[in-house]
Each structure stands twice: as structure tokens, then as C-alpha cells.
Amino acid sequence: MTDSNATRHKVFQELVTATKILLNEGILDTFGHISARDPEDPQSFFLAQKLAPSLITTGDILRFNLDGETSDNRPSYLERYIHSEIYKARPDVNCVLHSHSPAVLPYCFTDTPLRPVTHMGAFMGEAVPVYEIRDKQGDETDLFGGGHDVCADIAESLGGQTVVLMARHGVVNVGSSIREVVFRAFYLEQEAKALTAGLQIGKVKYLTPGEVKTAGALVGKQIDRGWDHWSQRLREKGLA
Amino acid sequence: MTDSNATRHKVFQELVTATKILLNEGILDTFGHISARDPEDPQSFFLAQKLAPSLITTGDILRFNLDGETSDNRPSYLERYIHSEIYKARPDVNCVLHSHSPAVLPYCFTDTPLRPVTHMGAFMGEAVPVYEIRDKQGDETDLFGGGHDVCADIAESLGGQTVVLMARHGVVNVGSSIREVVFRAFYLEQEAKALTAGLQIGKVKYLTPGEVKTAGALVGKQIDRGWDHWSQRLREKGLA
Amino acid sequence: MTDSNATRHKVFQELVTATKILLNEGILDTFGHISARDPEDPQSFFLAQKLAPSLITTGDILRFNLDGETSDNRPSYLERYIHSEIYKARPDVNCVLHSHSPAVLPYCFTDTPLRPVTHMGAFMGEAVPVYEIRDKQGDETDLFGGGHDVCADIAESLGGQTVVLMARHGVVNVGSSIREVVFRAFYLEQEAKALTAGLQIGKVKYLTPGEVKTAGALVGKQIDRGWDHWSQRLREKGLA
Amino acid sequence: MTDSNATRHKVFQELVTATKILLNEGILDTFGHISARDPEDPQSFFLAQKLAPSLITTGDILRFNLDGETSDNRPSYLERYIHSEIYKARPDVNCVLHSHSPAVLPYCFTDTPLRPVTHMGAFMGEAVPVYEIRDKQGDETDLFGGGHDVCADIAESLGGQTVVLMARHGVVNVGSSIREVVFRAFYLEQEAKALTAGLQIGKVKYLTPGEVKTAGALVGKQIDRGWDHWSQRLREKGLA
């Protein structure tokens, strides 16, 4: 294997493991997909062909340019432009995940903002932005991230943050590495679960801006421990 | 195998796999059953003999006419008329599922309508109809779909939609294929879970009529991805 | 094996399988126990020695008289008088289960009655009675069914019904057979889960007295299907 | 093996089993750690090196003094001072657990006190104290138990009780043995789940001070049954 092949193979392996982890931890179900920017060519990214996530192997990863196009003939996810537009808008982002993370969904169709309630959620910032497709596209759309314009608007709603919600649809997580995105997706789901319970039992005390900043810096250093743990859980179930 | 035998065998296999998927994904428990119209004779349909769903094999599938009667001597589900009356009323329907889908149950005994909150639920239409047995039968019934008259009323409440709730009892899903019904049953449960949480944390923004129509058309094309995914989960657990 | 040994062995086997089912379906945890009246001597009943339920085998079943005493030297559950006092008060009862059924617990310490919301819960009657230990014993007790007097009062609160809640403690289910009690314990948990969700989303429409009576008679005939299903689930997990 | 080695080995084994149980029962996830005071030297305690809990073996256990320092070169958890300061302040405590117990988290960021609702929660006392880091450290901290001063304050908030919550962070359980702490951590999670549901359905009747005292004494004698049960569950899954 050339160095370049080895680098690429490592990214493909991590994308497959990340998909398995996200399925096993209940973040992904039938739909959703995780991509990674090519470390050797920042103008392109890797994403699986159109398949149920549980079936993806390293042989299914395709290369796309930042317009979301590929020269591979195999079928592509319709929502690949969510990925391409974010890679275009955010040079610091090396991984994008789209999911229907179940505990996060209620924050995609209610007027209650998703905000961090423990140090593990500090990466969210003070509140998670919501992309409302109705604002520009009206209220008869397919609610779907299927076109360049819609996806450029999703990237704009994301701004400089780590996660954006798509109204009445789902979630987009971003980060500087595959492992960071898996970590953030896992804890976004946990924070949403905890907040939903908290809102029902009392008055919620959210993280302050200072806590968001200080706790976020600390927790961000622990992501390998998460990856090691979730990988071990795959092995225990015979899934890796 | 003759062509006819092969066709029938394929339907039987899909009914057994569908039952396993619905059990594994938590839609079915001890009760409930899924049937399919005979592709070679639209005046009859296939449904298992009276058994716990986890025990059903292809050898347990019986043929019924559209009055819900069979010439097979093995015991039949008492609720088979739910199936037969819907096949009679809806020539477009090729699969019927009756379940006690757990997250949907609260919408069977409260005054809150079950309505779609993400694109995945667009198949529901603007709101899911509820069959109230008390309206015609009074309030001393067994709450059960056991007779032709009650089941004809269930079919009438269903109208042209894809799902109807039976008050204080359960759920009926219909579709043009086994795979479509499994897909809809899975996402009905997910939508109900999300809505129940959403109603507790804020003001809910439901899909508009235009979104229901446009998103429904799009999502409806993805059902094989669901089937592939849930089948893979059966294989991972050694259940298929 | 004599006929008498064979009869007894069958009861012991069913008690062990029932315990495994109740653990696997999430009704029992570390605590709780199921007993059965001796079919050959209605003045005695069978109950395991004091052990974690997951460890019980047929060799651990002891015989008790209706005062809750045994001639066996192995340690007995402190709460055995719950069983003995109910067998004394209710000649129609052949099986008693004590559990901390998790979804039912909230109805043990709030003022909201547990009432049936679907046909599967009709066995509960119009509302489940609650035994309040404070009424006679004051508010400094161990909240525990540890004495003859407390347990006679639990039996009195149960009256002619199928389930009684012990305030701030747990649940007691009774029935005419082991299989019936397992069935009722499973659906009591499901009804409680559904009701808790329903109370949070809208106005609840409970079963009427007529529906309780008519649906209860119908559902009560289906208990073997439940037993077959839950036994199959044990086999699929290699637990039976 | 010398007697001393054998004693130490037994503690290491129990720490590893406790970690596996807490993972398997959903109390621990990626983070959190359990330690035990050295039975042969009360001025030191044992705690794993910095690792994901699912990876810990007996070879990973390090010895720390009551200032939280070790002569071992392997990496230590940053939060080890939570353990050391509690061992310093509470000579009766032989085991400390820090976790993000999911059902308990909502009580770490709302104004609703966590109080016992069944006999199993009597060990909590009348209400669980909350350590609010903002009181002394202001509202720009990392919310983290990373320094001696913060951890001494956590120990002070714990006082003579068995559990203390860290605002917007997590939980600390203590006890006189590893098994007791596992037992308390499990039932703290169950009590929190039940209370959260109860608060949503009606008016909650908490344990009285007398019930806390009397029930706590009784339940505290049953901890081996819990340990036996949870260990059996590990064996059933091939995890022990």
C-alpha cells in the first residue's frame, strides 16, 4: 500500500467504525450518514454510496468534490449536499454527520431551544441553531436537504457552531475529526434526553456563557476515551 | 416449484421476515398480525394461523377469502376481519398490520390527535383517524375487532388513509406492499415517541398540508433501505 | 417419578420459567418473588428460598404452610407472608407475585389511580387498590410486608381484585395460575407505561365498567399465547 | 500469594466487576470511576488508571494517597481528588463512585430535590444534597471536580450522607463497601426514574423521616442479593 492508500484506508475504516458506533448507540437508524474530508485533498470528501448504514463497508466509500458530485457510478445519497456545502463554508470542518437522533428530534419541531445542561454538552454553545426551511422555501417543501440552495442555507444557519437542527427533519453535527463528531453526536443525544426530563420536573439552570467556554475546552480533550469505549462495546457484541 | 408456488413462497417469506422485524424493533409483542393480499388472486389474502408472532414460520400461513373465512382447519385469529374488511374496502391495499405499537397507544385513549412532526411521518396525512367503538356499539363492548360490522366500521374510519387507531385497543397500518407497511409501522412508532416528548417541552409545529404531500412522496421511495437495515439487524442477532 | 412428584416438578419448572420471563421482560429485578399454591394440597404453597431471582432453579423451591412457615432449613424471603396471607384469604388464588414493576411504581407514591386504558388492562378492574401502611402502622415503618398483620391488611386491600399496590414499595399480582399472573404482570407494566404517557399529553378516556367486564373476559382466554411468546424469547437469548 | 497480595487482589477483582456491573446496568458510560480504600492501609485507596471503564482490568488499578497522588507513572483521572477528599473527610467511607447516572442528571440542573419515593431509596436520606460550584468559584468554571479545593467542598456538601450531586455535572455515591456503593448507585437511578415519572402524573408522597430511617436499616442488609443478581447478568451476556 502506498502512503496515500494507507491514509485513505484509515479514513475509510474510521467512517465504517463510526457508522457502527452510531447505530449501536442509537444515534443513527435507517437513515443518516457520516462523511470525512479527504486529508490529502481538502477540496473533496468521502461518503458511502446510498445504502442502509448497517450494510456499509470500506468498499462502499465514494469520493465527492465540494459541489457534492462524484465520478463514481454507484448511487449517491440525495442529501450529500448537506455535506458538500458545509465543507465549502467551513474549512475547519473535517467531518459531517446527518442523523435523526431520536431524543434531539423534539427540539426540531418545538419552540424550545436545545441548550447544554451539563459540562458534556458545552460543545453546543449557548443554544443550538435551527434551520427553518419555511423561511425561504415556503411551507410546501419536502423538508429535505436535497438542493444546493437549501444546503447552503443550512450551512449558513450552522454558522461557526458544532451542530444545527433542521426543522421537522433532523440534525447535522460537525467537527474537526470523525472521532470528535461521534463524541458530539453521542452527547448531544444524552443532553437532549436529560433536558427533556428536566423541563418536566422543574426550573432548568443552563450552562452560562463562561461555563460553555471553559467546560467545552476541557471536555474536548477526552474524545479518544469515548471512541475506545464505544469500540469495545462493538467488540463485546461481535459487531467489530 | 411452479411459478405460482414460487410467488406464494416469496410472500410467505416476506410475511415471516416482516413479523420478525416488527418484533425485533418493538412494534409487535404477544399480539398483533400482518397479512398480505394474494398477488395472484386479489379476492384472497394470507395470514398466519393463531400463534404467538415469535413462533410463526412459512408453514403457518393460511389463505382467507375477503369475508375472512378459510377452508384450513387450523385455528384463526379472532381479529382476522380487520384484515378482510379492509381488503374489501380498499383495492389499493395489499398489506394490513394490526399491532399494539407501544408509543402509539397513548393516542388511542386521549383526546390529542396523532399528527406528523417530521418528514418521516408524512405518510400519516394531516392527522391519524380514530375509530371509536362506543359510537355505534355502546360502552360495554370487549373493545375488540371481532365482528364484520365493527371491522367494516374500522375500514370506514380508515377511509383513504394509511393508518387508523382503534380507541382503547391499538393500531392498524395499511400499504401497497409488506415492506411499505413495515416502514410505516416503524416510523409511526418513532413519530409518536417524538410527539409525546415534544408536547411536554413546548409548542409543537406540525407538518403543513403541503409538507405532508411533498415530503410523503419523497420518503415513500426509500422503503427498501429500511427493509435492508432491519433485516441486517435480524442477522446480527442470529434471528434470520 | 410418582404422579405426585411429576405434578410438583411441573409446578417447580413453571415457577422457574416464570421467574426468567419476568426478569427478561423487565418486571422483576433483584427483588421480588413468585409462588404457587400446591395443586395437591391447597393448604400449602411453593416459593423459592431467599435468592436473587436470576439464580433460582427447581432445586431452590420450598414448601410453606398458609402461616408462611416451612420445615426447610434454608433461608426464606422475609416477605413470604404477603403470599401466605393472600392464599389464606383468597381460595381462588393459585399464584402470587410480588415485584417492583418499574412503570407501576409511580402509582405507588402519587395520588393518581392506576386504571386500565386498553382492553389488555381490563383485568385490573376499574382502578387498582393501594395498601397504605401508614393508615394503621404510622409513618415510621420499614414500608415492608414483613409481618402477619401487615400482610393480612395487604390481602384485605386486595379484596377480590387481581392486583394491589403497596404504597412507597411495590406491587402484588394474583391469579388462578402461574401463566395468568405472568400475563397480568406483563400487561400491568405496559398499561402503566401507556397511562403515564397519556396523562402527559391530553385528557384520558379510561375503560368503562362495562368494557372492563366484557374485555376482561375475552382477553383472559389468550394467556397461553403470551407464555409461548415470552418462552420463545428466552430461547432466542439462550436463557431457557 | 501472600495474605496481603490476596486481599489486594480481591479488592481489584471487585472493582473490575463493579465497573462491569455499572456499565451493564446503565449507570456508567464513557466516563466515571469507582475506587476503594485499601483495607490494609486506610491512608490510601485504589483507582484505575485513566481509561474508558469498559477496558479496565485488575492490572490497571493504581494506589493513591489521600492527597490523590500516586507514584505510578501511568495517567490518572483528573477527577481523582473527588475520591481523595472524600476518603479524607469520611473515615467510614471505603468506596467512592463518580458517574453521570442518566436518570439522576435532571436533578443536577433543576431546582427539584431528589428525594426517596420507595423503601429502596431510603439510603438517600430525606433529600440528596447538591454541590453548586458557582457558590464559591463563580459561573465561568469548567464545572469539573479537578482541584483539591473544589473537591473538599464536594466532600463538605456530601456531609454525612451517601450521595451528593454536582450541579450541571454528575453524581458521587459513597458507602462502606464496593457492593454497597453498587447497590446504592443502581437504586439511586431507579428512584430518580420513578420520581421523574411521578412528578408528571400527580402529587408525590415522599418517605417520611421515620420511614427513611427504618426502611434504610432493613434494605441495607440485602446488598449481596443485588451483587449476585447483577453478576449473574454479566455471566449470561458473556461479560464475566
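Remarks
For reference, chains read A, B, C and D in written order, and residue numbers begin at 1 within each chain.
Definition applied: a residue touches a chain if its C-beta (ideal position, glycine included) is under 8 Å from a C-beta of that chain, and two chains touch if they have at least 3 such contacts.
Everything numeric here is computed off the predicted structure, so don't read it as measured data.
The greatest centre-to-centre gap from subunit B, using C-alpha centroids, is found for D. Rotation relating subunit B to subunit C, from a C-alpha superposition: 90°, rounded in steps of 5. Centroid to centroid, with C-alpha atoms defining each point, subunit A and subunit B lie 32 Å apart. Look at where the CA atoms of subunit B average out and do the same for subunit D: the two points lie 46 Å apart. Multi-chain contact residues, meaning those touching two or more other chains, occur in subunit A at positions 200.
Interchain contacts close the chains into one ring where each touches exactly two others, per the touch definition above.
Within the complex, the subunit D residues that touch subunit A are 29-31, 50-55, 100, 102-103, 105-112, 138-144, 146, 167-170, 195-196, 199-200, 237-239.
Chain contact summary for the complex, subunit A toward subunit D: residues 117-120, 122, 186, 190, 193-194, 197-198, 200-208, 210-211, 213-215, 217-218, 222, 225-226, 228-230, 232-233, 236.
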